[in-house]
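Here is the structure we will look at, set down as structure tokens.
A, B, C and D label the chains in the order they appear, each numbered from 1.
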Amino acid sequence: MRPVNAVITKIVDETPAIRTFYFDTSFEPIPGQFVMVWIRGVDELPMALSYENAITVQKVGPATSALFELQECDSVGIRGPFGNGFDIKKGHILLVAGGVGAAPLAPLAEKAGASGLKITTLLGAKTKDELLFRERFEAVGDVRVATDDGSDGTHGYVTQLLDDAKKYSQLYCCGPEIMMKMVLDKVTPSKVQFSLHRYIKCGIGICGACCVDGLRVCRDGPVFSGDVLKKSEFGVYRRNECGERVRV
Amino acid sequence: MLSLTLTGLKLKNPLMLAAGIMGTTGGSLKRIAENGAGAVVTKSIGLEPKGGHSNPSMVEVDCGYLNAMGLPNPSYKNFQGEIDLAKEAGIPVIASIFGGCSLDFSEIAGALRADAFELNVSCPHAHGFGAEIGTDPELVEDITRSVKKATQVPVWVKLTPNVTNIKDIGLAAQRGGADAVVAINTVRGMAIDVESGYPILGNKFGGLSGRAIKPVAIKCVYDLYEALDIPVIGVGGISDYRDVIEFMMAGAQAVEIGSAVGNNINIFNDISSCMESFLEEKEWTLEDIHGMVHRV
Amino acid sequence: MLSLTLTGLKLKNPLMLAAGIMGTTGGSLKRIAENGAGAVVTKSIGLEPKGGHSNPSMVEVDCGYLNAMGLPNPSYKNFQGEIDLAKEAGIPVIASIFGGCSLDFSEIAGALRADAFELNVSCPHAHGFGAEIGTDPELVEDITRSVKKATQVPVWVKLTPNVTNIKDIGLAAQRGGADAVVAINTVRGMAIDVESGYPILGNKFGGLSGRAIKPVAIKCVYDLYEALDIPVIGVGGISDYRDVIEFMMAGAQAVEIGSAVGNNINIFNDISSCMESFLEEKEWTLEDIHGMVHRV
Amino acid sequence: MRPVNAVITKIVDETPAIRTFYFDTSFEPIPGQFVMVWIRGVDELPMALSYENAITVQKVGPATSALFELQECDSVGIRGPFGNGFDIKKGHILLVAGGVGAAPLAPLAEKAGASGLKITTLLGAKTKDELLFRERFEAVGDVRVATDDGSDGTHGYVTQLLDDAKKYSQLYCCGPEIMMKMVLDKVTPSKVQFSLHRYIKCGIGICGACCVDGLRVCRDGPVFSGDVLKKSEFGVYRRNECGERVRV
């Protein structure tokens, strides 16, 4: 597919560094799927769909900064949705979100909530201000919070809240790789689904830029079960845009 | 029944992974190897690490894809480990390499260990005037010769179709001592976003791959088979076993598969088994179909 | 709102019938004219009547067609009546002509009355060594110049994409005095019947047209627009209004439509009305989109 | 579409100069549609489907002669079916067949017969031996015969049998153009459908080689209503393979 022209209909400041951009187009994603967002003349970036018709973006570099300069009525080009998305299992599920990692988990929470699942969310961020989508998670279940600076909830990493993992039927995790690796080391791998971040070039499973060992994050993922990742390079190193190994 | 010897390499089947597809990491090459490929070709590797062009670097168009990755690669200095890892799968691993002149090429070929080298002389980064070096017969001959000196393993030269006469370039490679030619690399192309007037690719234009280019590739293979004494390896738009048969009839001794891997990572196994049934039913061998169109 | 002046000709819209499509008879040209085309180009007409290559002369492939008609035509001596009949529809009729050297071309252009001439310099029947004359800048310049001398009406030169650098050929046409260039003719290609090993076309190979070649044509138009001062007319793979917009953004002042006429004889009317709505919604004029990609 | 490989399963001599070739493939045609038959290495020719899986060929020149040399188990390449086919109208219909023109009319007769229509056929040929598909027409209705040499039925052209055309709801006609022109001149044009013969190159409506005025025989036809043909070049001239006009 060629990029679809998506006009920005609304922009919401979620936290000081994170904004949600709503479009005039619904992409009907499975929670966890992503789109390639083309900021014309600048770059094209992978972004999870945080709503059927929206992405939620943390400003981290040139392209996300360019995105933050766009106004309502401006447009971007969007290809997707791509990837597999989360596999929703029955029972009492636990969501573990770090920073902007809450973006793909919030629609998952809402979909699981709508089908009557019991949901607990562990929500982490650097500071209280940066906690993302707290209300969306609270609307469908319990939320426990951790902040790096202790400004809200537990002081420290969200992984510290992960003591009773056994009682959940399935865990869903998205956040910095370091944090996800800690989760993987702490729980039964087959019970966790991780949404991974790798450098995405083509987005359609051909170039191989996004591979974690032989697995394509853009096509076979971005969601992988922990047991697939257990013996992989996940948590050890990733690739930069040249394909060089970079320690996580 | 699909096995063959290609420039001295033993292949269990004539289906290879094309350069630039799932070819940057040992892990991804190994996965393709385990999914039935007869051999794998790596991403084109150059002198220094390169990040490539800015995104969008690939877009789907009618019946194919346009890409302008810009040859992202970790440099040969960081690549031997990936090749070694890929080798664990037990099939030949061919290193695709590129450079701006014969010195670049021979430096890389002299330093890397692989089962063969495929010279990507169709990159738009040549020293000089920025033209593709693969369009200049003298340069191609020169580069081929210097790589042949730098290595003992077979050397294949991958040709661009974006020339007036591909036979001239193929003959130059043959004169330079190439063990085989590979045809074709992508076809020059461009796509524009009509909503905005922007070229879709970050690099503005790129190379067309996929089903759209198969007739172009078949013609190139046909012409090269007529003109050359060395084997021709076909690539461009293969997505099922009939395409492979078509390439072999045109004169390809083996083929490479690129874009179609995206939608079917198991394509090598799938095509192998279909090819076997087809050949059995027709009572044909690989030899029978190789170059058949030139004999009917 | 779609009207324009192209090399002095007034067109009600920038959509023309491409050469070789429904272009051998006055009746068929008239039918296309009545179905909304801005102008029509005839089948390429030569010195003597020609029956063309033996069948199959056209076959559908992935996303396009391969053809090797072999320039069947009744010769210019039998063609004025067809042009005159086509003229009854009230739109410009452009005569496409071909020959083996500049004398052939000027003889025909001197004898036929048409609103413009389109020189098909991409036919494989040149005197000499059988190469396509459209790949030789000097020949193209020479032919263009001699036709310009032989006629008062605008002269367009239709270029082949099967060259290393299409700009060189475009510049040669411009030097020869061309009023416009037309890009592209078909892309060299071949298809083989895997059941038998026979090439499908009677002529063995042919030219690829249709959606498969659009990205190739867009790139050619883009390059020519950058290099030339004369208008570029785009052709290759157009099947809906977005394709036309894409060509115009790449730099085409007008376009020609070929293969897609087969499945939709009313395509000129259809595209015109879609283009009008699109431009209205975007508040763009033809001028705005012409060459837009070079300005963003 | 690329040519389909069609293996000859049976060859039947219909008349001294006409043979039917049966294939292992059914083309599910509308009666009146045709296929392009590729005799590899020789030529590709338009042929009406005389059965769902067969063509009936008169030997007239090099390509049809090459076809006559093929045996059972040989194969040809087939593209199609192409064209529009006959439009079957209710009532009492009349078929007018000249020579091998009976080929597209016989499946029409059978289809019309199966749906209960009343059918009369006027069947003409040079001699008695060359009358094609007489039994197929007789099986579904009345047949009246004319031969040029008087060896069977009326002595003369089949058009001589055409006196009571008014009583039929629709006429269907295929044969030499001269004969079809005589039919067109004799009856109400809107009541006759003619299957035309023109030089076919592409077969898919692009090249224009087959045009009768602006109408493509391969795509808009081969079947045309008489009123469309009335003021056309039909019956006056056709085009040879160069596109030159040739008087009919």
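Operating definition for what follows: a contact is a pair of C-beta atoms (placed from the backbone, for glycine too) under 8 Å apart; a residue touches a chain by one contact, two chains touch by 3 or more.
The model shown is predicted, which means the values in this text are computed figures rather than measured ones.
Novice: In terms of touching chains, how many steps apart are subunit A and subunit D, taking the shortest path?
Specialist: 3
Novice: What whole-Å value do you get for the distance between subunit A and subunit C if each is reduced to the mean of its CA atoms?
Specialist: 50
Novice: Rounded to the nearest whole Å, what is the centre-to-centre distance of subunit B and subunit C, using the mean of the C-alpha atoms as each centre?
Specialist: 33
Novice: What's the distance between the Cα centroids of subunit A and subunit B, rounded to whole Å?
Specialist: From the centre of subunit A to the centre of subunit B is 36 Å.
Novice: Give the residues of subunit C touching no fewer than two other chains, as numbers and ranges.
Specialist: Counting only residues that touch two or more other chains, subunit C contributes 61, 191, 196, 198, 296.
Novice: Find every residue in subunit A that makes contact with two or more other chains and list them.
Specialist: 40-41
Novice: Looking at which chains touch, is this a line, ring, star, complete or other?
Specialist: It is a line, because the chains touch in a row without closing up.
Novice: Give the pairs of chains that touch; include all such pairs.
Specialist: Applying the touch rule to all chain pairs gives A-B, B-C, C-D.
Novice: Which of the residues in subunit D come into contact with subunit C in the complex?
Specialist: Those in contact with subunit C are residues 1-3, 5, 36, 38, 40-45, 75, 77, 79, 200-209, 211-216, 219, 232-233, 239-245.
Novice: Using the touch rule from the top, collect the residues of subunit B that touch subunit C in their complex.
Specialist: 61-64, 66, 131, 135, 162-165, 187-192, 194, 196-199, 205, 208, 211-216, 218-219, 222, 237, 242, 245-246, 249-250, 289, 292-293, 295-296
Novice: Touching residues of subunit C toward subunit D in the complex: what are they?
Specialist: 20-25, 27-28, 30-32, 43, 49-52, 54-61, 65, 67, 69, 72-75, 78, 191, 193, 195-196, 198, 200, 202, 258-259, 261-263, 265
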